[in-house]
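See the structures that follow.
Next come two complexes built around subunit A: one with subunit B, the other with subunit C.
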Partner chain A sequence: MWDCIVIGGGLAGLIAGIRAAERGKKILIISKGLSSLSYSSGAIDIGDVGQLERQTDHPYSLLRQSVVRAGMDYFQKLFPNYQGSWGSTEIMLTPLGTPKETTLVSKMQNAGPLNNADIIVLVAPEGLKDFFPDIIKDSLEKNYPKARIIIYPFKISAFDAWYTLGKPVTGMEYANYWNTPSGIAEFKKLLISIHRKIADCRKNFKEIKKAVVSPELSSSWSKPLQDILAETPFPFIELTAFPPSANGHNLYCALTKKFKSLGGELLLGSEVEFVQCRGKIAEKAIVKSKVSSSAFAARSFVLATGGILGGGIEVTPDSAQETVMGLPLFIPSKWTNAQFLSEQPYTHTGVEVDNQLRPLDSKKEIVLNNVRIAGRMLAHYDPWSNNCAGGVSLATGWFAGENI
Partner chain B sequence: MTKYQVVIVGGGVTGAGILRDLSMRGISTLLLEQGDLAHGTSSRFHGLLHSGARYVVKDPESAVECIKENYILKKIANHCISDTRGWFVQTKVDPPEYIQQWLEGCRKTQIPVKEIPLAEALAKEPLMDKNVQRVFEVPDAAVDGFKLIWANVKSAKEYGGEYKTYHQVKKLILDNKRVAGVVVNNLLTGEELEIHCDMVINAAGGWAPYIAATAQIPLKVICDKGTLLAFNQRLCQRIINRLRPSDDGDILVPHETITILGTTSKIVDSPIENNPEEAEVKKLLEIGEDVIPTIKHCRIIRAFSGVRPLYQDAPLDSSEKKGRNVSRSFALIDHQLENGIDGFISIVGGKFTTYRLMAEKVSDMVAKKLGNTVPCRTASENLLPQFSKDIEKKAYQLLPNVPTEKMLQRLGGDAESLLKVIEKDPSKGQLLCECEMVTVAEVEKIAADDDTYNLADIRRKTRLGMGTCQGAFCAFRALPLLWKNKDKYDFLQELKTFLNQRWKGIRPVLWGEQLRETELTKAIYSSTLQIKE
Partner chain C sequence: MTEQASRREALDACIKCSVCTAMCPVTAANPLYSGPKSIGPDAERFRLEGIEIGTSLLSYCSECRTCELTCPSGVQITKMIARARRKALQNKKGNIKTMPLDVRDYILGRTEYLGELASLMPKLTNILIGASLARKAMESILGISSKAPLPGYGSKLQNINRKINSKKKQVVYFPGCFTKYNDSPTGKAIIKVLEYNGYEVIVPSFNCCATPLEANGRFKEAEDTKRKNLALMQPYAQQGIPLITGCTTCGLALKEYPSFEEEGFQKTPLKVYDLFEFLWMLYQKNELRTDFKEINTSLGYHASCHLKAQGIGVPAIRILRLIPGVKVVELDQGCCGLSGSYGFKKEKYNIAMQIGQALFNRASEGIRTGDFENIACECGVCRVQINHGAKVETNHPVWILMQAYGFCE
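Let's turn to the complex of A and B:
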C-alpha cells in the first residue's frame, strides 16, 4: 500500500513526489511519458503573482501567495544554481537572441551580465541546427546598443563527418559532447581562443568588459564545465534552445534522480488506464499492459497528467474528457480567439478544485476526497499569456507533496 | 505605357491555361493577378480530376467535357496527377433507385464504369463502412492544382508569355465602344500603371463582375462557398464518391499523405468570404461517417474554404440547394455581341478539370478576332518537367529519394542550379520543412525569386508549412532565409502573418492531436520565442 500514487511524472508530479518522499512518505510515480520539460528552456516562469492571485479561480487565487512562494523557495533549495528572487524578474535570451523575462533561471542562462558588456562574442558552432547567428547578432545589437557583437564560428573535429555530409548537429548532440572528456578539453581550448580573439580587437584589453553568448552547453548541470567557467574571467551566457532543450532535459533528469535518491519509485512508460474508486475514495490505479492488468493501491493520489499536451485531457469534436479518473471538466464556451498569439480560451480547460486542490463537480462538491490535482490539469489559467507555467506546477506540486 | 496583344485578368487555372494557349499561338499576352497565382478558387478545391461520372444525370454536357479532358490531362500533365481511379459507392443510406439512372448516364456519356465485387472492395478499402451496398469504378484521379498551374505558366513563359502577381486591375480603359487596355495597381509598391492591348480577357472568377462593372457591363456570377477538410493520412487509396444525387460531403480524395473531404454549398456575397465555419466542419464529419465510420477519430490538419464562381444564366431555382442547380459548365461571353463593347471577353464558371478546354475556346475566339490562324496545340504538347538524365542522376545522388522526386517535379530543369548549390555546400541539402521534405536550397532559391513576396508565396510554391505541423517548425527554420532578403521581408511580421493564416484553418478543427500540436506550437512561439501579436 503506497502513501500516495502520483499519476504523471512531469514537473508538478515530480515536485509532489520529491517533497512527499522527503517527508518520509512511500511514493510511487506512474508516468506514461517523459514530461514536457525537454520542450522548455529549463527556466521557471512564476508570473505576476499579485495580479494572478486576484484572477478568478486562477490556481494562485486558490492557494494564495504564500504557497506560490513556498513552491518557488523549494525549487531553489533543490537547485541552488538557479537565480532569481521573489517579486523580481531575471532576463534570459530566447533562441532568436531577444530578451525574455522569467523568474528562476540557472546561473548560466542569466543574461544580466550582458548589460555591462562592451564586447559580446557570439559563439557559433558549425552546423548547429535551429541556430541563426545573424539574427541573434541583430537582436543583441538592438538590445545591448553599447556592445560590439562579434560572431565567432568554429568547428569541432569530432563532428567532421557531419560537416562534410552537410548534416545538422542538433543542440542536444553538441551539449552532450561538451560534457565528455574530449568535449571538456575542447571547451577549454575554445575559451582560450575566444580570449585571444577579444584581445586582438582592442588595445586597452584589460579595461573592456567582455561577455560570451553561446548556444546551450547545459553547463549548469556539469561540474567539470562549471569549474572551468568559474576560472574564466568573463561571463558566459547560454541562449535558450529551440526544442528539444538540453537544459530542460537535464532538469527533468535531475528531478527524477532526486526523487529516486529519496526512495521514491518511478514507473515509466506505463499508462494508468483508470482508477478504481469506492464512493468518494480513490483506491487503486489500474495499469494495463499487453498481457494483464496490475493494480496499485494507495491511501491517496495526485493527478498530474499534463492537461491537453500531456494527454490528461482528451478532446473530440463533441466533448472533452479527463482520461484517468473521468473527473468533470470545466470547458470554456468560447474555444479560440482569431489571433493565434493572443490569449486562447481553450487553455483554461481543466479540473476545478477547492483550496486543497481536491476535484470539484459543477455543483462545487468534492468528487474524490483523497485526490489532489496538480499542474496543467487545473482549470482557469493560460500558462502562455499569464507567464506562469512553471509557477503553477511548482506551487501545486509542492502543496500536494506537503499534504500527503 | 506598355502594349500587348492580350491582357488576361486572373491567375487561376483558367487564366494560366489561356496564357499558355495564346503564347503557344504567338500572341503576345500578359496575365495580371491581384494575389499569388492560384490563391483563389484554384487552390481551394478537392483536387479531383473528374471522370465526369458525377454529372452524368444532372449535367451530361459537363460530364462529356470532363471525360475528354480527363484523358488529355493524364497524357500531358501526368506528373501533376495521381491516377488512383475512383469509386462511386452506394452506402446503406443512399437511394438504390439512383443507380440505374446513373449507369445509363455513364453509358450515354461514354464514361467507362466497372462494378467491383463487394468483398474485393472491402478488402481494398479497410476503413470503408462494411455496410456499403454496391461499388463502381470510374477513371477519376487526383490532381495537384498548384503544380498544374505552375506548369502552364512555365510553358507559357517559354513561348514568350508574361505574368505579374500582386497586380490588381482597377478598371478597364474604354476608348469609344472599345476596351483598349487596363489600369492596374501594383499592390506591393502602390504604383499605378496603364497597360494597352487589343483584347482583355476577364478570367477573374468570383471577381469577374467587378472587372466587367468598370465598363458598365453587368455580369452575373454567383459566389458559392464550399468548405473542405484535410485529414492527416490517406483514409482511402482511391477517390470515393457517394452514389446519389449530388450533395454535400460527397467526395474523398487522397493526395500523397493526406485526404480531402468535401464539400458544402452556401451562397455568399463575395469571393473573399472564405472562412470555414465549425458548423460546416461538423456537417462534413457527419456525412463522412457514412463512408468511413471512424472518421471523427481521424486527425484533421485544417479546414479551408473556396468560393466557386458560378455563372448565372437562367433564374435561380428556388430550392434550398441554390448553388447546386446552376450548371458547372462554363460561359464564354463575347461582350461585343452581348453588350456592344469590343475587345472584351469574359470566361465564367466551369471547373478545374475542364480548364484546358475553356482556355482553348477562349483562345480560338481571341485568335479569330486578332486574325491569328495558328492552331491550338495545348492538348498534345506535354507539360512534363524537362530535365536531363544527368540532372536526375545527380539529384538522386545528393538527396534522399522522396524529396528528390518532389523537387524534380516542381522545378524540372531549374533543379540544376539548385544541385550546384548543394554540391558546393551540402548543408543546403538539409530538409528545412521536414513534413513536406523541402530542402534549404529550394526555399532559399524561391525566397529570393522576383515573384515571391511573402511566406505564403513560398508555401504555395514549395509546400512548406502544408504538412502535419502546419508550419510550427518550418516557419521558424525559414527565418534566416527571409532575414537574408531583408529589404524584401520583415521576417518577424512574415512569421506572425503565416502563423495566423495557418491558424485560420486550424481553429474550426481544434481537437484531438491537432489540439495537442497547437499547444506545443503556442508554447514555442508565445513562450520560448516570446513572439507577441
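Let's turn to the complex of A and C:
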C-alpha cells in the first residue's frame, strides 16, 4: 500500500510527490501523459501574492502568503538554476520577442540585461520552425529603442539533411542538438563569430553594452553550455519557444528524475478510471490497464489532474464534471466574458477546498477526508489574468506534499 | 465504435501539441521520418477521406509506443499508424501500392520456426550467426544487418503438461520465443520462483505471441497464430487459471489479444499477468514468500517500452526493493532501439543504435562510476541490445529473486 497516490503528473503533482517522497513517504504518481510543462515556457508565474491573498476564495487566501512563499523557496532549492526573488518580477521574452513579466525564470531566460544593451544580436538559424526573426527584431526595436538590433543568420551543418529535404528543424531538435558533443563544440565557435560580428560593426567596441538573443537551447539545464557561457563576455538570453518547448520539457524531466531518485514510482500513460471510496475515505485508484483494470490502494490521495485544459474537468454544452472522483465543482453562472483577453469566469471552475485543500461540497462540508486537491483543479482563480498558475501549483503541491 | 466516435477519439482529441514527435525516438534519430503526429493523426484526416499519403514512412515506426504514453491527450497514435500500415500492405496485395514486403519480413516474423530449427542444432546455428561471411551473405541477400546482435540459441525450454486441478494453485506460463529458444535458463528460473511460491506451473505448447509476425507485416499468419494460442488457453481460462509471462512484449501482445467473440472462439477472457505484476499481487495479499536472503547488490533497471505500454508501472522495482541489500536505480533513458526485429534490419540498424545511445551511455557510465553493478531488464531483446551497445551484461530481474530465495549458490 502506498502512503499516497498522486493523480496527475504536472507541476503540482510532481512537487507534491517530491516533497512527500523526500519526507520518506511511499508515493505513486499516475499520469495520463506528459504534463503541459512540456509545452510551456518553463517560467513560473506567481503573481501579485499580496493582492491575490485578499481575493475571495483564491487558493492564496486559503493557504496564506507563508505557504506560497514556502512553495516558491522549495522550488528554488530544488532548481537553483532558476532566478527571481519573493515580491519582485523578472522579464522574459515571448517567442515573438515581446518582453513579459514573470516571477521565476531559468537563468538564461532572464531578459533583464536587455535594458542596458546598446547592441542586441539576434541569433537566426536557418530553417528553424516557428521562428520569425523579422518580427522579433521589430518587437525588440519597439521595446528596447536604445539598442541597435542585428540579425545574425547562420546554418548548422548537422541539419543539412533537413535543409535538403526542405523539412523545418523543430525547436526541440534545435535545442537537443546544442546538447550533443558536436553541438557543444560548435557552440563555442558560434559565440566567437558573434563576438567578431559585434566587433566589426562598432569601433568603440569595448565601451558599448552588448547582448545576444537566441532561440531556445535550454542551456540553463546543460552543464557544458553553462561552462561556456560563464566565460562569454556578453549576456546570452534565450527566447521562449512555441510548444513543445525544451526549457519546459527539461523542467518536467528534472522533476520526474528527482521524484524517481527519491524512490517514487511514476506510472506514465495510464488513466485513472475512478477512485473507489468507502464513506468519506478514498481507498483505491482503479487504473485502466490493458486487460482488466489494476487497483492501487493508498492511505491518501492528491488530485492534481489539471482542470479543463488538462482533462481533469470534462466540459460538455450542458455541464462540467470532475472526471476521476466525481467531486462536486464550483461552476460560475456566467461562463464567458466578451472581452477575450480579460478575466474569464469559466476559469474559476474547479473543486472548492478548505484550508487543508480537502474537497468541499456546496454546503462547505468535506467530501473526502484523505484527499487533497492541488494545482489547476482548484476553483476560484484565473491563472492567466491573475498570472498565478505556477504559484498555485507550487504552493498547493508543496502543501499537499508536506502534509501527506 | 461508431465512425463518428472514432473520428472524435482519433482526430479531435489531438490538439497538435507535437509532444509525441518531440519524444519519438525514431524521429530523433532519422530526419527522413516525419514523426508520429505527421503519419498518425495528421495523415489520418486524409486517410479517412480515402487518400493515402506517406505510406513509405509507415514501416519506420518501431511501435515502441512512446508517442501513446507521452500524449497528454490520450490519442492512440501507434495503433493508428499500425492500422494504416496494415491497410497499405493489404492494398499492395490486392493491386499495387507502396510498401516492400520481402523475404526478410517472412523470416524475421517467424521467431518460432527459427527457434525450432535452431534448437535442433544450436551450436551450428550460433557458429553461423557469429561467422562474418555468413552474416555478410545474410545482409546482402536478406537485408539483415551484419552488425546486428542476433541472439544465440541454446537448448529449448520444455513444455510441462499437467492436468487442471482445481484443488491446487496453478498457473499457466507463456515463455515466449526468446525465452523458449534463446534463454531457457531464465524460463526455468521463472518456473522455479512460481513453484516456490506454491504454484504448480503448466507450460502448454504455445505458439509465438504473434508480435514478430505483425511487426513484419504478416497479419494473416498473426491472426491464425493468435487463434491457436487462444484455443490452447481456453480450458485454463475457463477455470480461472492465470496466464503468466516474463516477457514484456509477449505480455503486452497477450493482453491485447482480440476476443474473436464473433466466431465463438474465445468465451472467457484471458487473465494475463506480467510475472512481477503477478508477484506484486501476491505480495499485496500477503501470499508472496519474503524469506529473502540479504544480497548486497545495486542494479540499474531498464523499463522496456512494452512494459511501460502495459500501464502497470514497474512492479519489478517494487519487488526487488523488498529484498534486503538490493538497491535499484531506474535508468530512465527511453527506448533501447532494437524494438523486436526493427534494429536487425539493414536500413534500420544505425537508427536503432542511435536511438539506444542515451541508454548505452547511462548503462556503461553507471557501471564505471559504481552507480550500480549490474543491469536488469525483463525484455530479452532489450537485453541483447544493451549488451551489444553498452557492452554490459544484462539479466532478467528474476535472477535476483533466485539469489534471494537461495537458488543460486
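The rule is short, and it goes like this: the second predicted complex is superposed on the first by the 404 of 404 C-alpha atoms of A that agree within 3 Å, B and C clash if a C-alpha of one lies under 4 Å from a C-alpha of the other, contacts with A are read in each partner's own complex, and residues count from 1 in each chain.
In this section, a contact is a pair of C-beta atoms (placed from the backbone, for glycine too) under 8 Å apart; a residue touches a chain by one contact, two chains touch by 3 or more.
On a predicted model such as this, the values are computed, not experimentally measured, just so you know.
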item	value
Touching partner for A:94 - first (subunit B), second (subunit C), both, neither	first
Touched partner set for A:243, first subunit B, second subunit C, both or neither	both
Partner chain in contact with A:257 - subunit B first, subunit C second, else both or neither	second
Which superposed partner A:344 touches (first subunit B, second subunit C, both, neither)	first
Which of subunit B and subunit C A:22 touches, first, second, both or neither	neither
Touched partner set for A:167, first subunit B, second subunit C, both or neither	both
Partner chain in contact with A:32 - subunit B first, subunit C second, else both or neither	second
Partner chain(s) touched by A:294 [first = subunit B, second = subunit C, both, neither]	second
A:322 touches, of subunit B and subunit C: first, second, both or neither?	neither
Subunit A residues contacted in one complex by subunit B, in the other by subunit C	36, 39, 165, 167, 243, 311
Subunit A - residues contacting subunit B, complex	36, 39-41, 45, 94-96, 98, 100, 127, 130, 132, 134-135, 138, 163-168, 240, 242-243, 307-309, 311, 314-318, 335-336, 338-342, 344, 346-347, 383-385, 387, 389
Touching residues on subunit C, where the partner in the complex is subunit A	17-19, 21-23, 28, 31-32, 34, 65, 68-74, 252, 255-256, 269-272, 277, 284, 308-314, 317-318, 321, 329-330, 332
Interface residues, subunit A side, partner subunit C - complex	1, 28, 32-36, 38-39, 159, 161-162, 165, 167, 170, 172-173, 176, 243-244, 249, 256-257, 260-261, 263, 265, 267-271, 287-292, 294, 297, 310-311
Residues of subunit B defined as touching subunit A within the complex	281-282, 285, 296-297, 422, 425-430, 476-477, 479-480, 483-484, 491, 496, 499-500, 502-503, 507, 510-512, 515-516, 519-520, 522-533
